[in-house]
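The first chain written gets the first letter, and so on, giving A, B, C and D; residue counts start at 1 in each chain.
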Amino acid sequence: MRNLKRGPQVVLPKDLGMAVAFTGVGRRSTVVDAGTGSGFLAIALGNIAKSVITYERREEFAKLAERNVKASGLRNVKLKRKDIFKGMSERDVDLVTLDMADSEKVVKHAKKALKEGGYVVGFLPNMEQVKEFVRELERNKFSEVFTLECITREILVREQGVRPENTGLLHTVYLTFGRK
Amino acid sequence: MRNLKRGPQVVLPKDLGMAVAFTGVGRRSTVVDAGTGSGFLAIALGNIAKSVITYERREEFAKLAERNVKASGLRNVKLKRKDIFKGMSERDVDLVTLDMADSEKVVKHAKKALKEGGYVVGFLPNMEQVKEFVRELERNKFSEVFTLECITREILVREQGVRPENTGLLHTVYLTFGRK
Amino acid sequence: MRNLKRGPQVVLPKDLGMAVAFTGVGRRSTVVDAGTGSGFLAIALGNIAKSVITYERREEFAKLAERNVKASGLRNVKLKRKDIFKGMSERDVDLVTLDMADSEKVVKHAKKALKEGGYVVGFLPNMEQVKEFVRELERNKFSEVFTLECITREILVREQGVRPENTGLLHTVYLTFGRK
Amino acid sequence: MRNLKRGPQVVLPKDLGMAVAFTGVGRRSTVVDAGTGSGFLAIALGNIAKSVITYERREEFAKLAERNVKASGLRNVKLKRKDIFKGMSERDVDLVTLDMADSEKVVKHAKKALKEGGYVVGFLPNMEQVKEFVRELERNKFSEVFTLECITREILVREQGVRPENTGLLHTVYLTFGRK
């Protein structure tokens, strides 16, 4: 889980950690995730939550993710080959995670799927996306809307001296949260 | 879970998030935690893991924590009024979290309690503690020893403009990880 | 010069430092500054540059700044009670610093005032201002357009342990640079 | 002056900026610098200060620096092929900058060279060096002892979206200041 070098295309552990810590997702939670991509986020959440349903409409990613889910040994992660822009059938969900382009268009569907008190989280690379996502959360009457960024540094502890690593990740995504 | 303003005495959500993301603790995990303090970390982990045993020898904190655990409704968090410096009886543990002074003295006990592949995490305010903790991990042949710090900023998204909050937390703890 | 606690309304030393380091302003430079405010930036630059002309149209700030300039003992800082939105008469200037609302409207005047190779720097609290400022720099054919932010932490070095300060400044302004 | 990618071996603009901003060095200042290295810091300060004397005992660096100083066109930067551990002959100096191994051993010489109110600044990669440098400043009765670190991020402003650069510098040096 530790690889900080994987590049910004995949949700990184630090951002997964923020999503977990600030939504309180746990072993009794039901999660809907979109889009699946390689499945890293769905699998990481599958390790924590009771069940994860993850949406992916692109066949090549769906295949890759299915392989990764199988390799993980997790049986509580289910992949749906569906277009989440058309809505999700799940209800009483504790958490909806959105790591995809145009994720603000899924906010209204997330509102329906979530239980009272449930959270939606957007993983948003750009400022403009944050603004749009927040606007959509407000339009759909989410409460506790907030946005975080997380900068993680490795500290090198060596005989010759302790210091932060010289180069590394400065930015991956902003995380925007809303609560139903 | 969201309060970033609680001050540095309690493990904060951002640091809990790091500990979860970089150890892979999940719904099937057994955790030993020390010292309990107010119980925030034990409760947050109790929400995720199968079971949490938390050590606290100071009676006033033990009482406070018991009240907080009860209020949380979690039945998988058990408090032990014992001195963890004398060792822990648990075995085959997935994660040991140490948020206490002189935590490096517990590393050898953690080694015994952990299963192969399990993690110990120290929450360490100062550089000197990091060095001592790392030295003790190496002495006890832990692998994958690494140290992180996490800086989290809230981004204010307002009609008049998007920007990070002006003031806030710059430092809480360093997190040092080791794997058995 | 050291007070990190002054709040975000005044240009802070860290941001002055960025402006100096990334424009190469020095003892032979001529600077135009707007708006003066309390005069901190004009005085700090007056300590470095050959001459500083600073524009302030609001009488109460002009008075305050004149008092501060006098107290500094600097004779190379001149205050103009003029509206910089109407243009500046200076030519062959090395650096134009803009710490004011609607500073993007001054970019075209800065272009005229600067010598070839000279820099304009905007001190911009919000993302939206950065975008507008950059757009205006590009419209006016500035080259080497870039934007920085600078996060400074004090490190506490004490007998009981070395660590960053717990709370402090997370954001003041973005600095946007352009070169003629 | 802008190249953030040069790696941590040379003083970078951001750290030069901190040194300038927090010491108030300006066009009337006299500076002693050691060790010269490639001469970047001496040249950058030579652009600002009245005069800079820079110490370098390693012949290959002295040659390189002399070439760089010549290329800069600055006539107020003088290189001394001397061992600064044996002391400096300059007096009434406004600023001493130390970017070299074992710089804490030069603190007592800096004390003699500085005028009342003058600053010494150490550029220190590791925590242990910071501690030693601070200890030596205290032993030599410097006042206003403080240590800073500066994290600079470039913000990418593009049609497709505004966001910080993904990777870059996380650490170069800590800056430790003391005032006579």
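The criterion applied here is as follows: contacts are C-beta pairs under 8 Å (C-beta built on N, C-alpha and C of every residue); 3 or more make two chains touch, one makes a residue touch a chain.
No experiment lies behind these values; they were computed from the predicted model shown.
Student: When you check each chain against chain B and chain C, which touch both of them?
Tutor: Looking at chain C and chain B together, no chain touches each of them.
Student: Looking at CA centres, what chain is most distant from chain B?
Tutor: C
Student: Would you kindly tell me how far, in whole Å, the mean C-alpha position of chain D lies from that of chain B?
Tutor: Inter-chain centre distance comes to 39 Å.
Student: Counting in whole Å, what is the centre-to-centre distance of chain A and chain B, each centre being its mean C-alpha position?
Tutor: Distance between chain centres, rounded to whole Å: 23 Å.
Student: For chain A and chain D, let me know how many angstrom lie between their CA-based centres, rounded off.
Tutor: Their C-alpha centroids are separated by 43 Å.
Student: Touching at least two other chains at once: which residues of chain B meet that condition?
Tutor: In chain B, 127, 151, 153, 162, 164 touch at least two other chains.
Student: Mapping chain-to-chain touches, which pattern fits: line, ring, star, complete or other?
Tutor: Ring.
Student: Output every touching chain pair, sorted by label.
Tutor: The set of touching chain pairs is A-B, A-D, B-C, C-D.
Student: In their complex, what parts of chain D are in touch with chain C?
Tutor: For this pair, the touching residues of chain D are 1-2, 13-14, 16-27, 44, 47-50, 127, 130-131, 134, 144-157, 162, 164, 174, 176-177.
Student: Would you tell me which residues of chain B are touching chain C in their complex?
Tutor: My answer: residues 7-8, 125-129, 151, 153, 160-172.
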